[in-house]
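Shared between the two complexes below is chain A, which has chain B as its partner in the first and chain C in the second.
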Partner chain A sequence: MTTRTLEPVAPAPSTVRRRRSGLEKAKARAGWLLLAPALIHSVIFVAVPGVIVLALSFSEFRLLGSPDLVGLDNYVTLFSDSKFVQALINTVIYTLAVVPLAMALAILVALGLNQRIRFRAAYRTLFYLPVVTSTVAVATVWLWIYNPSSGLGNEVLSFLGLSRSGWLTDPGTALSALIAIGVWQGLGTKMIVYLGALQTISPELVEAARLDGASKWQIFWHVTWPGLAPAHFFVIVTSIAGSFQVFDLVYVTTQGGPVGSTNVLTYDIFQNAFGNLKLGYASAETMAMLLLVGVFIYLGRMTQRNREE
Partner chain B sequence: MKKNLILGVAGVLTALSLAGCSSSGASNDNPAATTGTLRVTVPNFPANNDGQAAFQKVVDHFHQTYPNVKVEPDYVTFNNLNQKLTTSIASGQVYDVIMSGVGWIPPLADRGVIQDMTKLGVQQADVEQEIGKNSPFMDAVMVKDSVYGMPLVANPRLLAYSKSAFAKAGLDPAKVPQSLDEVRADAKALTVRDASGKVTQEGFDFWAASGNYRQQFVAALGALGEPLFKDGKQNFNNVAGEKALTWMTDVISTDKSSEYGVQNSGQTAMVTTGEAAMGFVGPYVDCSDKGIGQAKCNDLVFFNLKDTKEAMFTGGQIASVGAGTKLAKPALEFIKVLRDESTLESLSSLNVGIPLSTSDAATKFVQSNPASTFAQKSLQSAVFEGGTTNWLTLRTNFGPTLDEAILKRQSAKQVLEGLEVTAQAK
Partner chain C sequence: MSSIVLDKVSDKSGVRGGREPGARTGRIVLYVLLTLGGFLMIVPFVWMILTSLKSLPELASFSWLPRALHPENYFNALAAAPFAMYFRNSIFVVVGQTLPTLLLSTCAGYALAQLPVQGKKHILNYFIVLLVVPFQILIVPLFLVIRAVPLAGGNDLFGQGGTGWVNTWWALIIPFVVSPLFIFLARQFFVSLPADLADAARVDGLSEIGIFFRIMAPLAKPAFVTIALFNIESAWNGFIWPLVATSSEDLRPLQFGLATFAQSSASGGAVQWPFLMAIATIATLPMILLFVFGQRYFVAGMANAGLKG
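Right after this comes the complex of A and B.
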C-alpha cells in the first residue's frame, strides 16, 4: 500500500497577486471615497481659483470685458508701487509681532490654566471668548476703547500719568494698536492647542525629572518644551497663515489708514480688485503674498527642525 | 406731487407698451400677473430695524401694484456699493433697481450697469417736474441728454456754530465766519483744552473719519469758486485746490483746532452735541426732546463756507434701473414708490437729508427744523463730487491721499499732483 502524503497546494502566484490586488484596489477605492469630499472641495474652492488667479496675474482685467495678456508687467509694477511695498512691510511687521507674541502669551496662559486653580474652567472660557466673537463686534468694542477723546485707552493712560494717544488715528501708533487686538483675539485658539499638548506630556516624565533634581526651568526646557514641539508647528503654521490674512479687523477699524499705516496685503488686494477694478494686478499681489506666506511657513518650520535635531 | 407722478408714470407705461420694451418673459402688461424677483440695492435704508421697517413699507406699497413680484433687498453701504455692483454684473446677476449717489451716474452708465431711462419713457421733463426745473440735481442724473436716474433725497453738508460757545470765547455770536481765514481764526479761538492738554471742545469739527476728508475738501474748493471737475476734467490741482487743502491742514495739524479723524461714538456731528463749537453738520436736526432739544437748536447758527463764492457740499440719493433687467416696468414702479412723499420723508430722516420734491409735504418737512430749512434755501450753492467716468476709482483713493497733506507727510501740491495722475488714468 502506498501512502500518499497530501501536501498543501500553494495557490498559484497569479491567484495571490489577484487577491492582493483586489484587496489593494478595495482599500484604494475606500481611500478615494473618504478623500473625495475634501478633495472636491479643495479642487473647487482652492485649486481652480488658484489656477485662475495665477492666469489672471499675467493679464489686465477690469472685471467687465475680457482680460488682456500683459506678461510679467503686473509683477514688475508691484515693486515700484509704494502702496504695495508699504502693505507688504505692514503685513510682515504685523506677522512678526503677532505670531511670536501671541504664542509666548498663549504658552504662559496655558501653563497657568494647566494648574489646579479655582475657576479654571471659567478662565479657560474667558480666554477663548474672543475667538468665538465676531471680528466686527470685537473691532467695534476696540474702536470705542481707542477713541481718542472718550475711549477707555486714553483714560487709562491719563490715570497712569501718561500722555494721551491718537491710537488708530495716529499713523505712528495705529499698526501697534491693531497688533494688540490681533494678539488678544488670537490668544484663545493658541492657548487651547497648547493646553491640549500640555496634557499629553507624561506626568511620569516630569516626576522623574523632579526626582533627578531638575529645577522648574530645567523641567520646562528639557521636558515640557520638547513635548510641545508638534503643537508649536501647528500653531506657527496656522498663525502665520492667519496673520497674513488679517482683513476684517482692518476693514472695520481703519480701512488701511491713516495714510496707509495699517494697509495690509489682503486689504490692498481687496481695494485693487474691487475698488480700483484692477483684478489682474490684484491677482499678482495675491501670488506674491502666497509666495511670502510659503517662505514664512518654511522658515517657521526650519526653526522647529533645528530644535528637533 | 402725486398728480405729477401719475401723469409721469402713465406716460412711461404708455411708452413702454408702445416700444415693447424689454420686460421679457416674467413681465407683461398686466402688473397683477407679473411674476419674478426684483433685486434692489439699498444703501440708503440702513440694515437696522428702523431701516428695514421703512423699506418694508415701500415693498408693501409696491405690492399693491405688483403683488406677485418678490422684492429682494441688498442692504449695502456706499463704501461697498461699487464692489457689489461690479461683481453682480460680472457674475450675471443684475440688480433691477440701483440706488446710488451723486457722482455715481456717469461711471455706472459708462460701465453699462444702469440703463438709459429715456428709452423706458422717462424724459428730462418728467424729472424736472418732480424736483424742479432749476434743481442742481438735474446735472447729476443726466448723461449726454439722457436720463439715467431719478433723484430722491439731497444730503448736503452745511456748517453750524454755537452762539454760546462764541460768546464764551469772546467772539461776536452775530458775526458769521465765512471765508476760510475767518473760520480758521475763530476755530483756533474756540478750541478748549484741559490742564492735561486734552481737547474738551473742538474749535472745528470736520465730521470725518480718517481717510474721509474728501467731501470737506470739495466744500472748501467750492468756497474758493472752483468745482472738483470742470468739463469732465480734474479741476483740483490748481491754486484753489492747494489753498483749500492747506487750509484743512492748518486747522487740523498746525492749529490743532480739530482732532484728525476723531468722531464721537455715535458718529454724529459734534457741534450738535456740544463736543465742538463749530463744524460740519447734516441738513436735519431733531429739535425735540428726543433729539438735541429746542435750547440747543436755538443756540445753533447754520451757514456755508463763502470765500469767493458760497458753497455747500451736497451728496444725494438717486434711483436707477439696472441694465439687463427683465423687470423694467416693475423697476420703474418701484422707483415711483420710492418717490412717494412718505418714503422721501423716511429717507430724509434715516439719512439726514432733505426730500428732493416740489410737493407741499416736502416743503412742510423741510420747514420742520432749522437745518433743513437752511439747506433747502442753499441748494443753489450746492457743489458736488464726481462727474467723470472714472470717479469710482478715484473716489477710493481721494480721501486717503488727502490725508498725506493733512498730516503733513507731503505738501498739498504733491498730493494734488498725485491725485491728478490718478484722475487721468482710465
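Right after this comes the complex of A and C.
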C-alpha cells in the first residue's frame, strides 16, 4: 500500500530532471519572447544610429546621393572652423559653470530639507518644478524676464541700485544669462538625488561621532559628506551629459547669438546637419562632443576620488 | 550657511532643537533661506501667470499685478495659431509613446530580472551602455534611419528613393516606444520581487507569459507608475526631435508650436508677451499638476536611479 501511494509522488530521478529542464526551457523561451521587442528596437533605434554617426563622421554626405568616404578630413576641418571652436568653448564654459554651481546649491538645499522642518514636501515641490516643466516654455518665460526694456530682470537690477543690463542681447552677458537659467532648471533633480542619499546616512553614526567629541564641521566632513559619495557619481555623470546637450534653451532664446556668443555644440551640429545639410561634418562634430563628454565625466570622477581620500 | 548645515546635522542625531543656544536662530535662518530660495524658483512661473493676464499696452511700464484681469488672453492666444491642434498632437504623442513603453520596458525588465535567459548579464550591460548614450548624439543618424524605412513614404525595399517615415506620426512615436532607461528601472524593481510567487503560479499551471501579466505585473505597480510619469514628462516636453523629424503643421506638438509662435511674433515687431505667457502656462500646467499628484513616484524614481546607478 505505502509503496504504491508513494510511487507517483516521487517519480524516478530522470523524470524530475527532464521535467525541470523542460521548465527551464519554457522559462528561457518566455524570457526571449519578452526581451525580443526591446532588443530589436534598441538595435534599430539606438545601437545602429550610434554606428552610423561614427561611420558618417569619416564621410561627406549631403542627404541626396550616397556618402563619400573622406577619411579624417572632417576632423581636420574642425580645428580650423572658428564657429565650431567658439561653440566648443561656449559649451565648456556653460558646463564648467552650471554643473558645479547647481551641484553646490543642490547640496545646500538638500541639507536644509533634510532637517526636521515643516512643509518639507512643499519646499521640495518648489525646487523641483523647473525640472518637470518644458524647457521651451520656461525659456520663453525667461526671454520675457530678460527683456531689456520692460522685463523683470532689469526691474530687479534697478531695485538693487544696479545699472540695467542687455541680458541676452549683449554678447558680454548672454552666456551668463543662459547659465543662470541652466542652474535654475537643473537644481531640482540633483537636490532630490542628494536628499535621497542624505536619508540613507544613519542617525546613530552621527550621534556616535558627536559623543566621541567630533565638532560639527568634523561630523559634516567625515560622516555626512562621505555619505553623499554614491549620489555624486550619478549627479556628475548626468549633469555633465545634460549640460553638453543644452539645445532647446539656446534655440528658443538666442539662436546662438548675439555674434555667436551663445552658440553651443548641439546648436552648431543641428545647424550644420539640417541647415547646411553637411551631415558628415555634423557627425564629426557629434563624435568630438561625445569624446569631450567622456573626458569631462572622467575628470569629474577623478576630482571626486581625490576628495574622498 | 555653515551654521544651518551644522544645526541640521545635530538634528539628525535625534537631538530636539533648542538644546543648543544658537539652534533656534539657526532654524529661523534656515526657514528664511529655504523660503527665499523656493521663492526664487517659482518667481518665473508667477511672473508668467501674471503677465498672461495683462493687456499688451500695460507691459510698457513695470508692475507686478495686472491693473485689470484679461483672461480672454487665453482664448485669443489659442486662436492666434492652431494651438488646439498642437495640444491634441502632443497628447497623441504622449499616449502613443507611453502605452507601448509601459508594456515593452517592463517585459524586458522582467525577463532580465527573473528568467534564465542565456547571457542576460551581457544583455543588461548592453542596455546600460545604451542608457548612457546622450540622445542628442543620435539626432542625425536617427533621422537617416527614419528616412530609410523600407517601403514607407515612397521608399523601395532597401529604404531608398523616398522620405520614409520623415514627417509622419511613426517618426514621432516608434523610436521612443521602449527605452533602455526604463528597462533598467523595471529590471531593478523586478529583481527585488521574490521568485517563490512565480514558482507557486507555475505549480498551478500558469504559463510563463501568464505569470508575468497576472502575477508579477500587478505587483510592479509602482514601477509602472514611475515609468509612465517619466515618459509622459519627456514626451510632452520633447522639442528637438519633432523639430528635426517633422515639417508639416498637422503633426506639430505643443512645444514646437510654442517655439515657432514665439519666433514669428518676435520677428513681427511688438511681441505679444501676454499671449506667449498664456500658451507657456498651458504648456507647463499639465506637467506641474502631474508632478504635484505623482510627486511620490517622481522622487522615489529619481532617488533610486541615483543611488543604484
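Note that the second predicted complex is superposed on the first by the 264 of 309 C-alpha atoms of A that agree within 3 Å, B and C clash if a C-alpha of one lies under 4 Å from a C-alpha of the other, contacts with A are read in each partner's own complex, and residues count from 1 in each chain.
What we mean here is this: contacts are C-beta pairs under 8 Å (C-beta built on N, C-alpha and C of every residue); 3 or more make two chains touch, one makes a residue touch a chain.
Worth saying up front: this structure is predicted, and the values here are computed from it rather than measured.
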Superposed partners chain B and chain C on chain A - clash or fit: clash
Broader residue contact with chain A after superposition on the shared chain, chain B or chain C: C
First (chain B), second (chain C), both or neither touched by A:Thr286: second
First (chain B), second (chain C), both or neither touched by A:Asn276: first
Which of chain B and chain C A:Gln86 touches, first, second, both or neither: neither
Which of chain B and chain C A:Thr95 touches, first, second, both or neither: neither
Partner chain(s) touched by A:Ser243 [first = chain B, second = chain C, both, neither]: neither
Which superposed partner A:Asn74 touches (first chain B, second chain C, both, neither): neither
Contacts of A:Trp144 with chain B and chain C, given as first, second, both or neither: both
Identified clashing stretch of chain C versus chain B [8-16, 242-250 or 296-304]: 242-250
Contact residues of chain A, present in both the chain B and the chain C interface: 144, 147, 150, 274
Contacting residues of chain B [partner chain A, same complex]: 80, 82-83, 86-87, 89-90, 111-112, 196-199, 210-211, 259-262, 264-265, 275, 393, 396-397, 400, 403-404, 407, 409
Of all residues in chain A, those that touch chain C in their complex: 23-24, 26-35, 37-39, 41-42, 44-50, 52-53, 56, 108-109, 111-117, 121, 123-130, 132-138, 140-145, 147, 150, 152, 155, 184, 187-189, 192-193, 195-197, 200-201, 203, 206-207, 210, 216-217, 219-220, 223-224, 230-231, 233-235, 237, 241, 244-245, 247-248, 251-252, 266, 269-270, 273-274, 279, 282-283, 286, 289-290, 293
Complex contacts: residues of chain C adjacent to chain A: 1-2, 4-14, 17, 27, 30-31, 33-34, 37-45, 47-48, 51, 59-62, 104-105, 107-108, 110-112, 115-118, 120, 123, 126-127, 130, 132-145, 174-175, 177-178, 180, 183, 202, 207-209, 212, 233, 236-237, 239-240, 243-244, 255-256, 258-259, 262, 273, 276-277, 279-280, 283-284, 287-288, 290-292, 295, 298-299, 302-307, 309
In the complex, chain A residues that touch chain B: 63-64, 144, 147-150, 154, 158, 163-164, 166, 168-169, 171, 254-260, 271, 274-277
